[in-house]
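Labels for the chains are A, B, C, D and E, by order of writing; each one numbers its residues from 1.
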Amino acid sequence: MQKINREVLINKANELLSNGTINRVFGWEKGDFSYDVTPTIYFTADQMNKKFIFDDFCGANFSKYLVAETKKDQNKVGVFLKPCDTYSFNQLLTEHRFDKEKVYAIGVPCDGMVDEKKIKAFFGEGISSITSEGDEIIVDTLYDGVKKVKKADVLQERCQNCKSKKHVYYDELIGEDGEVLDSNRFDEVEKLEKMTADERFAFWQNELSKCIRCNACRDVCPACTCEKCVFNNPNSGVENKSPANEFEEKMFHIIRAFHVAGRCTDCGECSRVCPQGIPLHLLNRKFIKDINSFYGNYQAGEQEGSRAPLTNYTKEDLEPSEAVNKGDN
Amino acid sequence: MQRIGVFVCWCGSNIAGTVDVKAVAEALKNEPGVVHSANYQYMCSQAGQELIKDAIKEHKLTGIVVCSCSPRMHEGTFRKTAEAAGLNPYMVEIANIREQCSWIHKDIAEGTEKAIVLGRTAIAKVNLNAPLMAGESPVTKRALVIGGGIAGIQTALDIADAGFEVDIVETKPTIGGKMAQLDKTFPTLDCAACILTPKMVDVAQHEKIKIYSYSEVVDVRGFVGNFEVTIKKRARFVKEDICTGCGLCTEKCPQKKVPNEFNLGMDNRRAIYIPFAQAVPKVATIDPNYCTMLKTGKCGVCAKVCTANAIDYTQKDEFIDQKYGAIVAATGFNPISMEKFDEFAYSQSKDVITSLEFERLMNAAGPTAGKLVRPSDGKHPQKIVFVQCVGSRCAACAEKGKEYCSKICCMYTAKHAMLTRDKYPDTDVTVFYIDVRTPGKNFDEFYRRAAEEYGVHYIKGMVGKISPEGDKLMVRASDLLANKQINMEADLVVLAAAIEPDKSARPLATMLTASMDTNDFFTEAHPKLRPVESPTAGVFLSGCCQGPKDIPETVSQAGAAAAKVIGLLAKDKLKGNPCVAHSDEMMCNGCSSCEKVCPYGAITYEDKEFRGPNRTTLIRRIAKVNEAICQGCGCCTVACPSGAMDLKGFASKQIMAEVDAICK
Amino acid sequence: MRKCLLQNQNKLFDQISSFASLYIPVETTGGNASFKKYEQGMVMSDVLKTDRSPKDLFFPQTENLMEFKTSGKNIEVIDNRKESEDFVVFGVRGCDVKSFEVLDRVFLVEPVDTYYATRREHGIIVSMACGRPAETCFCQTFGIDASAPEGDIVCYKTEDALYLDAKTEKGKNLLSKLADVTEESDGKEALKQKEQIKTVLAKLPLANLKADSFGKDKTKEFFDAPEWQILSKSCLGCGTCTFVCPTCQCYDIKDFKTKDGVQRFRCWDSCMYSEFTKMSAGQPRLTQLERFRQRFMHKLVYYPTNNDGLFSCVGCGRCISKCPISMNIVKVMKALGGIDNE
Amino acid sequence: MQVNEFKPKIVAFCCNWCSYAGADLAGSNRLAYPAEVKVIRVPCSCRVNPMFILRAFQRGADGVIICGCHPGDCHYTSGNYYTRRRMALLFSMLDYLGIEKGRTRVEWVSAAEGAKFAQTMNDFVQTVTALGENKRLEDLRCKK
Amino acid sequence: MEKSKENLIQDVVRRSGVNPRKCMKCGKCSGTCPAYDEMEYHPHQFVYMIETGDIEPLLKSKSIYKCLTCFACVDRCPRGVEPAKLIESIRLSVIREQGNNHLTPQMIPELIDEEMPQQALVTAFRKYTK
C-alpha cells in the first residue's frame, strides 16, 4: 500500500491545480513549533512545497471555510478532508450552506491527531520538537531531554473516541476508506448522568465558570455558520459579549448546544479550541446521546439531506417528563 | 415611544368583586408608555367602547390595553373599537383579569396584585407592538375537482350551479367512478346507472364545467385563492373534439383480448374502447399497451373505419397549466387486493369473487348481461356464501388488511343477498358476519327485510377457510351462537373486501401539502367542525378520500365541500391573518430548518443578491414566507437557529417582554 | 532581600491575606492555572503562564459602572463604586508585569479611567522570575528580562525558598509587614537562579525574533502589505487572542435591564469581532482581513506610534498556545518581516 | 417578625387554541389555582423558544410550564409534536446540568379540560414550592 | 381461592403474551380450527372465558390436549389475538402441576403404529409432558 504522506497530497493537489480542476486548495501550513499548524489556502504547488504539512497536528477542519470561500468566485476550491471532516461537510451541504459543485473534496486518511496540551501535561512547558515514530511520540524538551510517550495516550479526546474512519463524502479518496467505529464516546456523559443533580450542578458550575466567552467554540464550530449569531444580535434578546455572571455562562452554552442539537456531527472542535479547557463536547454529546435513545440512532452529516431530529417527529415520541425521568431507572 | 391607554373593566362584579379595579387602573398609570388609565363597569358595552374611542382620540393613543375578560371573548370586539377610532386593530392587547384572575381567586389583595401584573404584562407587550396589515390576495374564480366519481360530480355541479368555473380531472377515460360500476343502490334499490348517468350528462353539458378525462394532476403550486396546477392530459390517440362516440372502431378493432377493467377483468374489450355505453365524455380511447398499431406500426383499422377521422396515432401527452382558487380532492376508493387472503382461496378459484365483481355480474350491462352465473363454468350457483369484513377491522397485519371498518359492506352485502334471493328464489344465500352495522336511515329495516322477507341466512361467525373441492367450494366457519363449526358447500363465495383510498391520493396530498392519516385518508381540518376542509387552506375534501362513506353521505359531503368552495370563490380578495412568520433576510442562512417544520409548506427559498463588504456582491439562499399560506403557528421561529424567523404579533421580543413583566 | 523557606510559604500567604486580599496562581486542570483569591491551604502553582493574565484583577472582564433606578417615571442615578481595599497579586511573570505599563498608558492618561486607577493604586504586584521559560516565550523581543522582572516586589523561587526583593515603596511597605515569616538574606541563591534563567532564555526558539522593523510610524510600510490577505484567511474572528492577551484593553459599555432599573457595565470587547465598535454606520472594518490587521498593527505600529515606541505586546506567548487555528503575532511578524519558516 | 412564606413565580405558556381556552374554562368553572401562575398566550406551544424558558428563569421565575393541545390535536396539525421533541431534549439537558427537573414541565391540556388545567397548576405550584427558590438558574441582577 | 384463580389467569395471560381483550368475537379462529369437532371448548371460547375469568372448566377440559398447535387461528385472527398460544399456556399450567403429565413413556407402545411418524412422538412429549 502506498504510504500517504505529504508528498502524495502535494502531488495530487498539483495535478488538480495544473489540470484546471481547481484553482486553489485548502491545506495545512506548518508553524514555528511542531504543533502550531494553521489552516491556509494554497494557489500553487510551489507554495505547498514550502509550507504544506500533513502530520499528527493537522486537526483543523476546513469545511466551515467553504461557506465563505465558495461564494467568492466561480472557480472550484480543493479541500483535504479527514473522515470526521466529511461529516461536517455533508451537514453543511444538507443545510445548503455551499454548493458542492464548487468544491473538489479529497478524502485523506487519519489515524488520530495528537493533543499538544496532553504532551505538555506529561512533560511540562518547554517543548522543542515533537516527532512521531510508529505508535510512539518522541518529544524533545528544553529541560528534560528526549522523552517518549505512546501516541494513544496523547491523542486528542475526540480521536481517542473516534466515531468513524469512513469518509461520507469525497470526490476522490486518497488511501483506503475506513469503517464507522464503535466508540466509547458516551461514557463520560453516562458518568455524569449517574451523578446526583447536585454533583452535576457543581461539575458544570465549575467548568462553565471558566468560560471567558471568547467565542472560539462557536466560531470554530462547523454547525455554527449563522449569518448573524443570536448572541451578536441585539434584537434577539440574548445578545451579550461577556458572561456577566453564572447565569449568562450557562445560558450561552445551553443555547449554543441546543442550536446545534441534531446538527452537531460531534467533531470535537469546540473542546479542542477552548482556551480554558472546558469539556464542551460533553454538552453536545448529551444531545446526541438523548437523540439516539429517544428517537433512534441519528448521526448528523452521515447522509446528505437527512432530516434532523428536531425538524422531525413521530406521533409516538416520548413525553418530556419521560425524557427527564429516563435516567432515574 | 408608545402612548398607551389602559382600560380596566369591572365586568359588573365579575371582576370588581375580587379585584380592586380602581387600584389596578391607578397602578398601571405609572407603567412605561402609559398616558391614560381608566376603569368602567362594562368596557364591552356601547358606552364602554365609546369611552375607549374617545380616549384614543383625546390622548392620541398609539396602543391600548384592555384589562377584562379572556381575549378569546372580546379581543375581536376591542380590535374593532380601536379600528373605528382610527387605531390599527393589532395595537390592542387584552389582559385577562377575569377568567385567569378574578374568577379563580377569592382574596382581593391577591387578585388585585395579580391583575396589576397581568396588566403590566400586556402593557409591556403593547410597547413593542407594531401596526399590522392583513395581506390581501386576489381569488381566481375557478375550482378544480380532482376525481370524477359521484363525489367529484356532485361537488362540480354544485359549484358550477353557483356560477363558478369548475374543472374536473379524472384519470379514467370517463367520469362516473365506482358508482358507474354498481348495479343497484341500497337501501332503495334504485339502479345506480339510472340515477348517476343523468348527473354525468349534466356535467358534460354544463357550460361552467370542463372535464379533463384520462388526465392527472402532476404539479400544484401557489396557495389558497391562487393555486397553479399542471394537468397532464394523457394521449388517448383519438381527437376528443371530433370523435362522435359512434363506437364503430371498438367493434372493428382486431385486438380483442384486452381485459376489461370496467368489468374487473371478467370479460374482454378491444384495444380501442369506450368504457361503457353512457361514458362521459363519450369518446374512444386507444390503449397503448395493446394497440398493434402503436406497438408495431402495423394495423390502423380504427383509423380506416373512423368516418370522422378522429384517430391520431401521433398524439402526445399534453400539459395544461391552469389557475384555480380552490381545489377539491375527490379521489375516492378501491377495494383492497384479495391476493393476500389465501384462506379465502380468491386466487385459487374463479368462483370466489369480490363484492364489486358481484355487482358487475348482477348488472344488466355487465359481462353476463345481468345473469348470475359462476365465472368458472357459467352455471347458475345454487348456494352462495357472502363473507363480511374481509380485510376490514383487521388490526393484526397492516400488510393484509385495514384496521378500520369499511362502513358500506354490511349494507351492500344485504343488498346483494336480497337481490339474489329476489331474482333467483331457488338460491340458498348465507351471510357470515361479525356484526351487522346499519346506522342509517332505513338501513336496519333493509337488513331485516333481507333476513325476514327474503330468507337470507345470517350466521354470526367468521369464515376460517375456503377450499375448492371439485367444482364446489368448501366453506368452513364457526357459528358462534350455535357454538358449532360449519362445513358447508358453496357454489359461489362473495367477499366483502375492505376499501382503501385510491393510490393516487398520497402523491396528490404531497403536492397539495395536505395532511393524511396513516391509512392514507385525507385529514380534515377538524374532525367535527370542519369535516370537509383540509388543514391546508383552499383544499377541500369530498367523498371516500376522507374516509369510507356510502353514496348519500358522499353526496352530502360533496355538497358541503362545494358550499365551502363557493364561499371562498365568492370573495374577490382574501384577507390573510397578519400574525404570520417573517424572515429577516439579512440573518437567514437558507438552511431549510424552517421549511422542514412548516405544516403548510408556506416557506420557499430563493437565491438573492446581497451587497457584500467592500463593494462585492454575494448570492445567498434565503427563506421567503408566503403570507397567504402561513397560519402563524410560529414553529419555524424556534427551528431557525439564527433567529431570522420571527412571528408578527407574537414576536420573540414581545414574548420576552411579557416574561420580564411577569417575573419582575 | 528577604527569604521565605518554601515550608513557610503558606504562612506567608496567610499573613498577607490577613490584611489584604491575596491572589495567587492556582492549578485548575493538568498544566493549567489561573489567579484565584487565596484561601487557607491553597497551593501556588508553578505553571509558567496562567490561562488568563493578571490583567483581569485590574481590568476585569465585566465591571459595573453605575446603576439607574426607576420608580414610576423617575430615574435615580446610583454610583456603585466602593472605596477599594488593598490587594496583593503574587507570582506575576515579567511579561505580565510589563503589560501594566501598556495598560497604564491607556487608562491613566486623561481622561483617567478611575475604575482602573483605583485598582492600580491599591494593587501590589509581586512578580516572579521565570524559572522555566517555555518555547512560546518571546518577551526578549520586546526588551523584557524574564530573569529580572519589574514589580513592587520581585520574587525568585529556588528549590527550597522564595527570595523577595522590594522595588517600590508599596513593596517595601508590604515586605515590612511580613518580617515574622521571612528572614534577611544575601540573595546569592536568587542571583544564581537569575543567571541560570539567562542561559535558558538565550536558547529559546524565538530568542532571535526581532521587532526592529516594526514600531513608531511604520503604518505606511505595513498597512497595505499583501501578506495580510493570506494571514487573515484562516482567522475565525473569535476573541481568544484578545481575551488571553495581557495588554488588550478594548471594552464595550452596555446596559442591562434589571428588575427596577438599568445596570450600566463594561465588558471586554475584541477588535476581531464583527460587532466591534459598531456605530450608526455599522462596523468600519468590514472583513476579517481588516479586523485582523487592526489587532496586529495596533500592537506593533499604532500603539508604539502613540506611546514613544513602546510595543503593546509583551511576548507572553498566550496567543500562540491558545489560538484555535494557531495563527499568532509571531507568525505575523515573521511573515511581514519576510522571514520564512523554510 | 413574621416569616414570609415562599411563593414561587410561575410562567405558563399556553397555546391559544387548547390550553389557553382550558385555562379560561377553569376560570369559568371557578376552579382555583394559585395566583403565582401567570399565563402567556402563544399561538401554539411550538412558538415557545427554549430562550424564553431560560429568560423566565433569568428574570426570576421559579418554574416554567408549557401547555399545548394534546398530541394529534394541534390546531396547526403538528406543532406540539415539535414542542414535545424540543422540550424533551431541553429538559433532559437542564437536568444534565443539575437544574432541578421539577421546575420545567410540559402538559397537554385541551380546551375542555378546565379541571385538568387547575389541577395541573396546583400540582406544579406545589412541586415548585417544595423545590424552593430557583437558585441554579438565577441572575441576581434581575432581583435588584 | 379467588386470589389464586386470578393469579392463575394472570400467569396464563402473561406466559402466552395474549391480550384477550383484543378479541372482537368474530369466530374466525373457530371457523378455521381443524380440531374443532374434537373440542368441548373452542378457540374463541378459550379467549372469551379467559377474558371473563372462567378458567376452571378449561383446566379440566380435554380440549386443551386437542389443540394441534397448527397455528391456523394465530395466522388468521384479524386482531392478532393468537388463541393457540393461549391454549398452550393453559395446558402448560395444567401439566406443570405435579403428576399431571398427559403423556408418559409407558403409554407409548400402545400408541405406536405404522403410520405414526417419529417426529409426532417427540413433539407430543414436548407438548404434553413437564
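Methods note: a residue touches a chain if its C-beta (ideal position, glycine included) is under 8 Å from a C-beta of that chain, and two chains touch if they have at least 3 such contacts.
What you are looking at is a predicted structure, and each value in this text was computed from that prediction instead of being measured.
Graph distance from chain D to chain E, where chains that touch are one step apart, equals 2. Distance between Cα centroids is largest for the pairing of chain D with E.
Counting C-beta pairs in contact, the pair that comes out ahead of the other among A-D and C-D is A-D.
Centroid analysis (C-alpha atoms only) places C farthest from chain B. Note on chain placement: the centre of chain B and the centre of chain D lie 35 Å apart, centres being C-alpha means. One finds 70 Å separating the Cα centroids of chain B and chain C. Measuring from the averaged C-alpha position of chain C to that of chain E gives a distance of 85 Å.
If each chain is reduced to the centroid of its CA atoms, chain A and chain E end up 60 Å from each other. Residue positions of chain E touching 2 or more other chains: none.
Looking at chain B, one finds that residues 597, 639, 652, 656, 660, 664 touch two or more other chains.
Touching of two or more other chains is recorded for residues 256, 259-260 of chain C. Chain pairs that touch, as defined above: A-B, A-C, A-D, B-C, B-D, B-E, C-D.
Residues of chain B that touch chain E in their complex: 343, 389, 393-397, 401, 432, 434, 460-465, 476-480, 483, 485-486. Residues 71, 95-97, 225-230, 233, 235-237, 259-260, 263, 307-308, 310-312 of chain A touch chain B in their complex. Those residues of chain C lying in contact with chain D across their complex are 67, 256, 258-261, 263.
Chain contact summary for the complex, chain C toward chain A: residues 28-32, 34, 47-49, 51-52, 61-62, 132-136, 200, 203-206, 230, 233-234, 236-240, 242-244, 252, 254, 256, 265, 267-270, 273-275, 320, 322, 324-328, 330-331, 334, 340-342. Taken together, the chain A residues at the contact with chain C in this complex read 30-33, 35-41, 50-51, 60, 65, 117-118, 120-121, 124-128, 142-143, 210, 212-216, 218-220, 232, 240-244, 269, 272-273, 275-277.
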